[in-house]
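Order of writing sets the chain letters: A, B, C and D. Residues in each chain are counted from 1.
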Amino acid sequence: MIGLSHYLILSAILFSIGLVGILRRRNILMLLFATEIMLNATNIAFVAISDNYGDLTGQMFAFYIIAIAASEVAVGLGLLIVLYKRHGSLDLDDLASMRG
Amino acid sequence: MDNILSVLVFFPAIAGLLGFVVNKNSIRTYGIAVTVIVFLLSLWLWFSFDMSNAGMQFVEMIPLIPDMGISYYLGVDGISLFIIILTTLMTMIGMASMGETKNIKNMIITLLFLEMTMIGVFVALDAIIFYLFWELSLVPMLYIIGAWGGPLRIYASIKFFLYTFTGSLIMLVGMLFVAYTYHNVTGVWSFAITDWYALVLPIEYQLWLFAAFFIGFAIKVPMFPFHTWIPYAHGQAPTIGSVILAAVLLKMGTYGFVRFSLPMFPDASVMAITPIAVLSLIMVVYTAMIAYAQKDMKQVIAYSSVSHMGIIMLGLFAMNAEGLSGSVFQMLSHGIVSGALFMLVGMIYERRHTKLISEFGGLTAVMPKFAIIFGVMLMASVGLPLTIGFVGEFLVLLGFYKVSPVMTIIAGTSIILGAVYMLRVMKFVFFGPLEKEENKKLKDLNARETWSLIPLVAIVIWLGVYPKPVLTPIDNSVNALLTFMDEKAITKEAKDMIIVAKSTNPSKLNMGDK
Amino acid sequence: MESLVYVALFAPFVGSLFASLFGMSERQIFVGVVASLLLFISFLASALLAANLYITGDVIHITMMDWISAGDFNVAFGFVVDQISVTMMTVVTLVSTIVHIYAIGYMDHDKSFNRFFSYLSAFVFSMMILVMSDNFLGLFIGWEGVGVCSWLLVGFWYHKPDQDRKDNPSISPSWAANEAFIMNRIADLGMLVGIFILYWNTGSLQYDEVFAKLPELSESVLVGAAIALFIGAMGKSAQFPLHTWLTDAMEGPTPVSALIHAATMVTAGVFLVVRSNPLYSMEEVAGVSMFIASLGTFVAFYAASMALVERDLKRIIAYSTLSQLGYMFAAAGLGAYWIALFHLAAHAFFKALLFLGGGNVMHAMHDELDLFKMGDLRKKMRGTWLYMGFASIALVGLPPLAGFWSKDAIIETAFNEHTYILWIMLVITAGMTAFYSFRQVFLSFHGEDRHTALGFHPHEMYKFVLAAMFPLAVLALITGWFMSSYKEFIYKIGESVQYEMSDHTHHLAIYLALMVIFIVLSSITFAYFKYARTGEKAWKRDEEKEQGFFYKLLINQYYVPKFYEEFITKPYAMISEVFWTKIDLKIVDATVDNIAKFFYATGDKTRSMQTGNLSNYLNWMAVGAMILLGVAAISAMIGLGGIDG
Amino acid sequence: MLEPINVSLDSLNLITLAPMLIAIAGGLIILIIDLINNKLDKTLYVMLTLLVLFINFGAVLGLNVNERGFFDVMLIDGISIISQLMIIGGSMIFIPLALTSKRFHEYAYPEFFALFLFMISGFQFMVATDNLILIFVGLETASLSLYTLIAMHNRANSYEAAVKYFIMGALAAAFFAMGSVVVYALTGSVELYKVAEVLATRLDETGLMVAILGSSILLMVAFGFKLSLFPFHTWAPDVYEGASAPLAGYMSVVPKIAAFVVSIRIFGMYIDLGVEWVRWMILILAVLTMTLANIMALVQDDVKRMLAYSSISHAGFIMAALALDTTEGNTSIFLYYALFMFTNLGAFTMLWISRHKKRRFNKRYDHPYEKFSGLIKIMPIGAVVMAIFMLSLAGVPPFSVFWGKIYVMQAAVNSGYIWLAIIMGLNSAIAAYYYLKLIVYMFLKEPVKDVDTVYYNMSKPLMVIIGFATFATVTAVFYVQPLLSYLYYMISASGY
């Protein structure tokens, strides 16, 4: 039987995967995906907990997160396109003109 | 005119603002006129001052931020009265004698603002207002040192600013804590110093607070080992900067001790006598020796300043009227004498563009007037009787002898060491053969220079021969202070140490009006 | 009478101010004349006061105005004219007047003529304050005032360059002036401490009030005050070890040496001890008094020994001054205050005369002072020769001149007190005094003419100058005759100054005196044979002898100045330099700067976390989360956290 | 049987939503106008925005204290009102800065103004609710708009800045979401007042502490990022540098006010519950932030970057007040920001007027210190004004920030955190150095080159703004009292 804890563990694993992705990846696009994974991990947790409590708030939150994730992608991709046009690369290491 | 103090504080500042309009060619006259007016106002203050009243006079009080207990609260007593007059006098004379021509307009305006802040410090009776003027006074000084100074001027000015600023922030925390304690006891927020006087603090609090205020004041005085900013500040500052710095700004530190530390923390003050005396002795002896090793005339006077401030510090902690009155008097004397000495060095610097002792020799032959005035100031500086320098120094040593004979003897070496370094300067600058070609063509003091110095010479002798008009009001307030401290002290040691003069008339005394 | 006090006091001051008005202008004879006249007025006033006091016995005590008052401390400008002060006033104004007149001639060619009179009169004014004040602090004003005037006058020829100690033991006038001032300051500190002790224990500084309370004070206080005040006296009266400045002070113009460094200022120390006689005659401070007497005797001997080999005319006289001051202290220390004071007065007259004579020689020899370059001057300077010879006879103590009476009384006192060691030393010193005094007279005025060969053409001093010196000669002769009436005069002060020889001593006195006279005469004879003869047997300089140990020791003043230089002056300069460059700059200041630099360097290090690379930034966020976890865990564990309920 | 949904309009209390709706409507109107005529000048849009903000301001003023609305999601308490007022006030100072004498890329687009208004509504939502969902929505709305606004500056650095900010913001958003999950899992609610109630009853459970630990750390990361606390501050210097000067000044004040309000609501709740470690976490972060940011600011070569670090340090300063969790502490946050706002915006505006199209002084920086060398000779009044701003930032009385500073320090002392007050004092001293450095350059050094072009970007509206900021900075002492009593009243009324 798949219980609440399974969902939560799955969520935690997904969150960690996303986090590791954020920390290790060098391509900005991949970073964007990694944050999406993390947001989705929270979605799973919200929905599972919501189901557990029999309360709709969690699911509402999940919907909002989905919506926000979508707009985030929209803005993010827009930024990345411009950046790519300018720099010709999406490598993180090329993006360090400001430092110190 | 009840609001004369506000007028004194803000008149220079407003005049400074209006000064932006005045044409560059006429600004010097404008500046002198303004400072003369301020000086006359301060004299008026003196004449309308009630000599028999030891408490605060001309009190003004306007609440500014009642929720925090901050108010615009001014007043003078016998101690601050003369420091204010000293401030206005030295600003006026410094301005009149100023030989600076570069950016003269900025200089004059800055000086006028500086005068406001200095007077503000001495009339403020609200801790925050005091702090406000205290900090604000750093800014014009920073500009004066930094813009008209020598090659290391930027380093010197930043060092001056940051050092004092750091110390005063610790002091600010102390002030906030006092206010908090006051609030705990009375339920009212107040930063009024006279309110704080009423606060009896436990010993532990007193010690910590004393330490916090000490850091703020000691850096300003400057006490050993916080004194190292001053050789740079003096060494780099233009003449007018050094004059004001030595004459007035350093007094803020010692004044702070009188205004805050002593009456607020009598027990801690008594406990601190020995440590402070040791530091003062180091100041007296060690900096006097350093002064002897200097190659630059101005540095000699700068270090001698520190040495003399050691004597003042010693007097403050003598805990008897002789020492304390002497100390306050010595503040005035040091202000006038070191101010004049810096002016003199500045005058020679303007002629030769060097202050190195080795560059001179035999100047008496070409500049007799200069040599005479320098000689008078030198003698006042080494504390010759019948000059202003003797009265304070003698009273301080006399007063401190009651506390510790041995320490007094060590401090007394200042009359020897002072003579040693000052006479060395005199000998190598003014005596001996006139050898250097450049020196042979030096011109003696011109009329402007002479007439700006003569009032100082006159004061040096007048107050040396007849210090009473100044000493009596100081003594009244000091007696009131000591009586108050004695009553307020909670430990027996403190009560034993604080000596109230037998001649004190209790009916005349009141600390503050509230 | 009160106005006379003010006249006596302020006439010199007016003279000084008057002269200073012309301080920067050309030489004006009338400046000297006016100053001298004013001094003469002061002298007349003093003399009238003395006469009045002698006749009526009324001590005049006036308070001019308040000076310093703070707390319970209260000191006014008050003046007292009693037997002690009036003695000093008369002596001071008299000698000063003569020296002033003398100086008109002596400083004739100096372009700073006016300035000189300004200083000299200022000195007299300070000296008058010193002797007339009715309290210790007023005395201290004068004390310091004469110090400053001495500084100004010793360094009068400030433009002379520094020389090596081998060429000129005093280095330069300005150096000597500074040395004098600083050494006096060391002693002044002692004096101040004495004042502090007296104030805090008696609550006053006025003589009568202080002395009235002395019996109530504890022994330690009395001894402390006595020692401290005596330290002050040691400096002003150049007692060992603070004596080196006096000989160096001979760099000043000769009238200055005559007035300040022989007749008046240097006796201020003796005056102080005499003035404080109620203190020094307390039984509790007998030890201190004994020490004063011993030190005085030692200095008398010590200074005389150095004079034996000295070649410099003025320095010889300076040593003799030092030696005579020793005599005075010996008398004062033994309790014979009035004898000390009497010797002080007598000494003032003959020593001033001697110095002024020396000034004439110097003037004639164009400032050359080396005795070895003189000889046989009496033919060209007969008047001076007579004066100096006369003064020397007074100095060595031959009857009936002044020196005999006063000095013999001191030697007698030493005998009377059964301090035979002191007595023997004082007697020997008397012999030495006779030798060096006449060595100097014979070397300069007798023997072979050594100066003409060196191109000197000496000439006698102006007539009016010689005339002005005449009163001094008279006084040197007659002062001693009034010893007993002076005794009667001063005894009125009170018991503490009274001193009588025991009957035993009284009987022996004549023999003791004869013995001293014999020793003195034989010394003079010895000096005559050694230095005064001409022709074959004329004195020749013996270079070999000058290499001897004792000779070198004496000529180098027992190496004391050298010692001061090596062990005080130089180390002081060195330590000062170390304090400045090593401690102040390298430690104290560097600490402050290093704190600032530390923050700056930390900033530089920390900023490297700001790599600009987004990946690092994201890692920092993760690190931050870990830090938070750590903080939370630790604070929960150490009990800061948890639930406070 | 399903009950018919019956919502009474009165219970919705729509007035609570009015301010945000006004802002959104304003943004939409701007977009519509642009659709109709795309040749209109930026001045129109600036004034339109300003008008919208005025109406918005009025709407906020009209709100009653302590009301809930819109299904109890909206919470109009004291701090939400004052923070909204401050947000709008800051925005009103900011928006006229578009009226420079030179043309800049972003202001040519009406979208800029629309996005700006949307962002404001986002901030308003953040502060006017205690529902985590709405906080999240507001936060993201505002952030996404802000990323775009930064990027619109249209320089290589701005893109870099926007991307950095964006990615880190996305990560922070994920942390916030995860934190909310934990809170929700713990209490079954995302409404903070309910969360507090539930937690209060279950505080003795050990397992609960672990969960609280998790949630507080996750949320702290998210807000640490928003408030630029060490070590989450790394974006700030780069973003401030990349953004245009006014926007950087704006970012150092307005978003932080919003984030502080949320922080007060969340972390204040934890501290109120007695979870002491949260207090310690905040204190340590605050101390680290103010100190490290200060010493990093010491070594900067660029004034704007220095101001960025200084803003971080000021945020750390304020964060410490939050940890006190007293009414005074919370009041001091708002007082400080109210006073800081004028000075800081003024300082950034001074940079803005000296902004060149090309970098003339340094290849790397727009505003190196050298640029301000001898400014007193070139434009004396400008130099004096800038010096006043710097002194104010350094905490020299009587300028505005000083009063904020002593109030914060007094609050710390009153709560017994004297060591904190001393650290604050010492930090102010360190900070004085870098502010002074600029003053030294302006007053004590000689001009280097291109002297005539320093006030390149000057225009009348900018002068008005600077004049206003200067006036507010200098005369602070006279309005601190009314401001303080208003803030104190509002905050104590809302129970913080």
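The rule we apply is simple: a contact is a pair of C-beta atoms (placed from the backbone, for glycine too) under 8 Å apart; a residue touches a chain by one contact, two chains touch by 3 or more.
Computed from a predicted structure; not experimentally measured.
Asks: Report the chain whose CA-based centre is farthest from the CA-based centre of chain D.
Replies: Farthest by centroid: C.
Asks: Kindly work out which chain lies most centrally, taking the average of its C-alpha atoms as its position.
Replies: B
Asks: More C-beta contacts across B-C or across C-D?
Replies: Between B-C and C-D, the larger count of C-beta pairs in contact belongs to B-C.
Asks: What is the distance, in whole Å, between the centres of chain A and chain B, each centre taken as the mean of its C-alpha atoms?
Replies: Averaging C-alpha atoms per chain gives centres 66 Å apart.
Asks: Mind checking the centre-to-centre distance between chain B and chain C? Centres are C-alpha means, answer in whole Å.
Replies: 36
Asks: Take the average of all CA coordinates in chain C, do the same for chain D, and state the distance between these two points in whole angstrom.
Replies: 78
Asks: Just curious, how far off is chain D from chain A if you go by their C-alpha centres, in Å?
Replies: 26
Asks: Got the chain D residues that touch at least 2 other chains?
Replies: Answer for chain D, listing residues that touch two or more other chains: 163-164, 167, 171, 237-238, 300, 433.
Asks: Counting only residues that touch at least 2 other chains, which ones in chain C make the list?
Replies: 596, 607, 610, 612, 614, 618
Asks: For chain A, write out the residues touching at least two other chains, lowest number first.
Replies: 22, 28, 31, 95, 97-100
Asks: All pairs of touching chains, please: list them by chain label.
Replies: After working through each pair, the chains in contact turn out to be A-C, A-D, B-C, B-D, C-D.
Asks: What residues on chain A touch chain C, complex-wise?
Replies: 19, 22-23, 25-26, 28, 31, 92-93, 95-100
Asks: So in the complex, which bits of chain B are touching chain D?
Replies: Interface residues on chain B, with respect to chain D: 64-68, 106, 128, 131-132, 135-136, 138-139, 142-143, 146-147, 153-154, 157-158, 161-162, 165-166, 169-170, 172-173, 176-177, 179-180, 183.
Asks: Help me check something: in the complex, which residues belonging to chain C touch chain A?
Replies: That would be residues 607, 610-615, 618-619, 622 of chain C.
Asks: Okay, in this complex, where on chain C does chain B touch?
Replies: Contacts found on chain C: 23-24, 65-73, 137, 140-141, 144-145, 148, 155, 158-162, 172-175, 178, 181-182, 185-186, 188-189, 192-193, 195-197, 199-200, 572-573, 575-577, 579-581, 584, 588-589, 591-592, 596.
Asks: List the residues on chain D that touch chain B in their complex, please.
Replies: 376, 391, 394-398, 402-403, 406-407, 409-410, 413-414, 418, 421-422, 425-426, 428-429, 432-433, 436-437, 439-440, 443-445, 477-478, 480-481, 484-485, 488
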